[in-house]
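One chain, chain A, appears in both complexes that follow, with chain B as partner in the first and chain C in the second.
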Partner chain A sequence: MPSEATAPRLPAPALAGGIARFLGRPTVLPGLLLIPVLAFFIVWNTIPTLWLLGLSFYRFSLTSGRAPIYAGLLNFQNILNDSGVWLDLSRTLLFVVSGVGIQTVLGVALGLLFWNSGRLPGRRVALTMLFAPMVLTPVASGTFWRLIYDPTFGVLNAILRGLGLSGANFLGDSSTAFAAVLVVDVWMWTPFMVLMTMAALASVPKAELEAAEIDQLSWMQRMRLVLLHHGKYILMLGILLRTIDSFKTMDLIYNMTFGGPGTTTQLVAITLYRRAFEAFNMGWSSALAVILLLISIAFTATFIFVLHWREKAGA
Partner chain B sequence: MTIRPPSDLAGVNRRTLLTGAALAAAAGLTYPRHVFSQTEKGHPLAGKSIRMAILGIAGWLPSKLGVDMSPEFAKYAKARYGYDVSFSFADAPFGQLFQKAATSLATRSAEYNIIISDSQWLGALATPKWIVPLNDIIAKNKDLDIEWYAPVVRQAYQTFPDGTANRYGFPQEGDTIALFIRKDLLDAPGEAEAFKARYNMDMPKTWENFERLSIEDYTKLAEFFTRPDKGYHGAAMQYSREYDFISCPLLSFMRSQGGDVWDPKTGQVQGVIDTASNAKAMEQYKAMLKYQPPGAINYGIAEIVDVFAQGKVFSAWQWAAVGKAMITPAMQGKVLVVPPPGFKQADGSLKRDYIIGGQPWVLNAFNDDAHARVALDFMKWWYLPETQMEFAKRGGNPCDRATLSAEGFDELQPWYRTYKYMLPRSSDFWHDPKYSEMLAVQQEAFTAYATGQINDPAHALAYVACKQQDILFDSGTASKQPSGACAGIRL
Partner chain C sequence: MRASWREHAYHAVLWLVALLFFAPIAWIILSSFKTADQILATPPVLLFRPTLDNYVQLFTRDSFLHQLFNSLFLSVSAVLIAVAVSFLAAFSFSRFKPAGTDFLMFLLLSIRMLPGSAAILPVYLMYVGFGWKDTYAGMILFYAMFSIPFSVWILKGFIDGVSPRFDETGRVNGASWLRIIARTILPQVMPGVIAALIFNFIFVWNEFLFNYIIGGLQTSNVPVALSTGLYSSGGVDWTFISALTTVYLVPPVLVVYLFQRYLLVGMTFGTVRGEV
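Up next is the complex of A and B:
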């Protein structure tokens, strides 16, 4: 056996060459560069999701002092038999459809208004003010809207009274509370749809717009054949993101009404929060979270399907 | 240097020496204990530095006082035990405090060494063994076996499960519902005569008058002082869905009329909460909205402080603990704090069985030996007579008999007489680990009725009974399942 001193050594240039050849393989370097992102994704996304999935099959309350007990599909069964959850889901669906619908219509309208408005005086200030609600934290927005709506001290009621109208308890009356929180959501997220509309409009080739002008297309024809044709993917992406985000709405409403009065503004995310972090019923709430995750995936899949279907139909 | 013989000590004779020694001893006995006492020999932490963390309730004066006074303990600990201690504080509003404590304790963290808990959480904190059981500690430290002003103090702030001798908390502050009245409006010229003419009864003006006031007569008073044209209304009560805001006063209406929320021995809810008497109490409570400012349906503790301090209501049902915030400098001398109304019984007597407020201290079970020792020393200091008296002077609500019975206690704060009166007339509700889940259902149903989402109080109570029975059966506390009538019940 050769001693350490006499053992053959790989010459340094040969070693460096070997490493270089290894890194030079088409799959190695991209793979190495992906490791940090993958590690982050696995640690912060995959493992918690799998953990959540596992917990959904257990009866487990954090305050019971007992170890989790395997319960199979019991949590899912209980949720699906719970009329309260179905009501929360239907209320959430109404909130998403009406909220995202209004935001899209207003967002497109305002986006068109600001389109090609580069020379408009005060454009930057107007856009900054327009986008401000979107960058506020929902907790802050919820707090000051609660104060604005306040029937005793609120500025909105003061204005109404100033106009000779009777004030209203917007958040305390079960006939107006849902609409009141919807207005705040629209106020907060319409700017996002404006932004998406402006991005969509920016993606339209200038040549096609000029051609539409030469062909003397009507405003509606220009909208349908040129603007929507090119901008629809970005708009659809905006609607998809808003739909998923709106489906998760919790903090904004929780801070304004706590889901009340009664249950009139109780969306499913509020129910999930209360069961998970107020009641600490972890098994039940994990099962509900899994159901909501599946619904979100279904939303995404539907949108992607629609986009591809249109694409294929167009081709 | 000359050394004098002992017999010639500075030329002082024996009698003078003995007199001086006696005077010094007397002075020592009368001087506050913590100043006089010397460092305890053999304290295991002597010479060390410890950092303690307290978790308390945001925006809640008595909780803040516990925190504000802790530097005094640092001085005391240095002098008596010989260690340095410093404190850091974290807080959260009522609605989020349990969440903050529980998520930390669930990870077996000693992030918060001492926690100000709400009384109803004792079960949820004790069952998973997150907080220290105190029976052995109290047995070994007789100075922590305090005589409380009323049995409810031990039941509400210390005991879990209900009816046992197991203790888990030390009362941090006691609290009861009190009625804050605008005395200047009562005393305004012509008011008493107008009231007499309208209702054929004398207007209550003194604390004693209010002690004899029934809910029916209080309603007349609230109606009389509802004057929106002058910018104020007759009453302000809690109806908010947040935390336990609507539950506490509403359950007081129920209990004072013979109703209850559950049977703590069997965990039975159905048949206990869903009664005609409780439904009537709900109607009464909702009817009081007529005499309150618009928006009262959203009122919680803070909103009531606001409307009362701004002079927008004649009377307010409020926790005694926030007396300092209710009686602002502008309101000094204009406010009378009296017992909330009684409820007439069949024999004509008045009954008050109101929900108790207040919070206990609980000790983190994951504290290491040093922090556990300091937490214990802190509790001993907290219950020193001078500490409790200082707490009272600053507006906290002590619970021990010695302080509450001390001469002049009633005059220390405007609400102390009422607080002392109401303490034995108050009681707590569930100490069950499922407290939070049960409360959520209850708040949902009570506010659904109060806001008009549903119009039948009996249905709201049936919903609460079904859901709570299910929660307690599922957790093993109740032996009976919800009845068949509960299938598919919803608000």
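Up next is the complex of A and C:
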């Protein structure tokens, strides 16, 4: 900013020139351009994060009406000794690994299937239908899948009964609920991996495909030497983005099972929600949030590592 | 004609896959034209006389139009602010590479990687403390903040792709930076701006948790309405849910249809380019 004290004393043209000279300085303009984002960042990220960090060392319940009491690392100790949290974390891990695994396998298979879809009649409509599940409001998908899964009125059970099989209370039965939620997640996000696979396939230079054709490489060789060689970075970025998003899964489960029955579908984001916004145990919750923050930072670092790796490889 | 037959079969399979993924959504849309009894009929009915009653009821529900307005108002204003602010920062990062650029880009991205309930917890405490809960400004600015990382990432990628020679030519000819940004950079990165706008729009449009926690009666959007208005007269109100979901689904699906070429860039923070 031009300094307030000197500005009024200058005649107008000199003032304009002064501002121009000021902006022309090598360090001023870059900084000025960053001010709005930095302001946002400080108010809505740095301050809350510091608040969170601070609170994680305190015993503080929002409902007790008492001031926070310094407790050192007690919250972290409690969390690490809480077998419930470990169960939720391992359940989340299972959800992420199996969900992303299935989505990747299915997505790559379908992406390969759609490879030559260039002349498909109504391609744009078909792709819109295929990609629609990932832009549908997760709250709406979560809610409506409850009706689809419903033991008496649900269309899925009607189909099973029509096939002569016995139905099930998919979301109400603790032995099937986790798989039922996983199926919805797979339905929502397989299209994303299809999209990434199509992008990976599109990144392969045409000449190399033709060369592979001429060299009469087998299907496996073509996959490995040509497609995987060029497409691996895009696929890796896709898998990473999916991993991170899947780790965050909240809206879908909140409205489909809210972690139940029991805790069979309780992922760690739901655990935190319950402890923070139902039990209002803010000290404990802050500590868990800090742990999740560290995990997220590790994910982000991996993502950026793959990006740099791709840049170095020049792909 | 054997090749042609094979191509038909191939296309039929592709359509089958697309329809399979769309089937649950089609079921929602179909249900929205049924009566409550028809939705809960066993076995489910496929052929019925469609009714528009659910839509009439939805749009005469006093809170619904207000919530629909909130959804639109929050998402459009947050996204416009975020993209404008992010464009300036992305330009600075891309052209001047100030010290700490990589670190800031990393921090920005890590915000988006954090589980929602962890991200909102300190903001909730802050908003309760400052009395910002359930205010439009509080909601819009928070959503803008949450849309910034994505926008900076996507726009920096696009600005990196515009050769600095354009700037130099402008500088040599005596144009100001503002003029260079508006006249030579902006037109070339328009696809990035559009992708940032529409994908942040979808994000805020569909967002539930933040609105539920730091919003309230005044600022609640449609996903919150859906989640909290599930039950009526003792049972789940499926007619309301299906009609509301169908209405709410239109903008995101239209976006996927109209902006299909931006889908890839939009779903990957701009790290993957290309068309499918």
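Please note the rule applied: the second predicted complex is superposed on the first by the 272 of 315 C-alpha atoms of A that agree within 3 Å, B and C clash if a C-alpha of one lies under 4 Å from a C-alpha of the other, contacts with A are read in each partner's own complex, and residues count from 1 in each chain.
The definition used in the following text is that a contact is a pair of C-beta atoms (placed from the backbone, for glycine too) under 8 Å apart; a residue touches a chain by one contact, two chains touch by 3 or more.
Since this is a predicted model, take the numbers as computed values, not measurements.
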Chain B versus chain C, judged by how many residues of chain A each one touches: C
Chain B versus chain C as contact partner of A:S83, first or second or both or neither: first
Partner chain in contact with A:A301 - chain B first, chain C second, else both or neither: second
Chain B versus chain C as contact partner of A:G107, first or second or both or neither: neither
Contacts of A:G231 with chain B and chain C, given as first, second, both or neither: neither
Which of chain B and chain C A:F277 touches, first, second, both or neither: both
First (chain B), second (chain C), both or neither touched by A:P36: second
Which superposed partner A:T152 touches (first chain B, second chain C, both, neither): both
Partner chain in contact with A:S174 - chain B first, chain C second, else both or neither: first
Chain A residues contacted in one complex by chain B, in the other by chain C: 152-153, 277
List of chain B residues in touch with chain A within their complex: 95, 98-99, 102-103, 106, 123-125, 127-129, 240-242, 293-295, 297-298, 306-307, 312, 433-434, 436-437, 440, 443-445, 447-454, 475, 488-491
Parts of chain C lying in touch with chain A, wherever the complex brings them together: 7, 10-11, 13-15, 17-19, 21-22, 24-25, 27-28, 31, 39-44, 85-86, 88-89, 91-93, 95-96, 98, 104, 106-111, 113-118, 121-126, 141-142, 144-145, 148, 152, 176-177, 202, 205-206, 208-209, 213, 222-223, 226-227, 230, 236, 238, 241-242, 244-245, 248-249, 252-253, 255-257, 260, 263-264, 267-269, 271-272, 274-276
Sites on chain A touched by chain C in the complex: 20, 23, 26-27, 29-31, 33-34, 36-37, 40-41, 43-45, 47-49, 51-52, 55, 110, 113-114, 116-117, 119-122, 124-141, 143-148, 152-153, 155, 158, 161-162, 187, 190-192, 195-196, 198-199, 202-203, 234, 237-238, 241, 244, 247-248, 250-251, 254-255, 268-270, 272-273, 276-277, 282, 285-286, 288-289, 292-293, 296-297, 299-301, 303-304, 307
Touching residues on chain A, where the partner in the complex is chain B: 61-65, 83-84, 87, 150-153, 157, 167, 169, 171-175, 257-264, 266, 274-275, 277-281
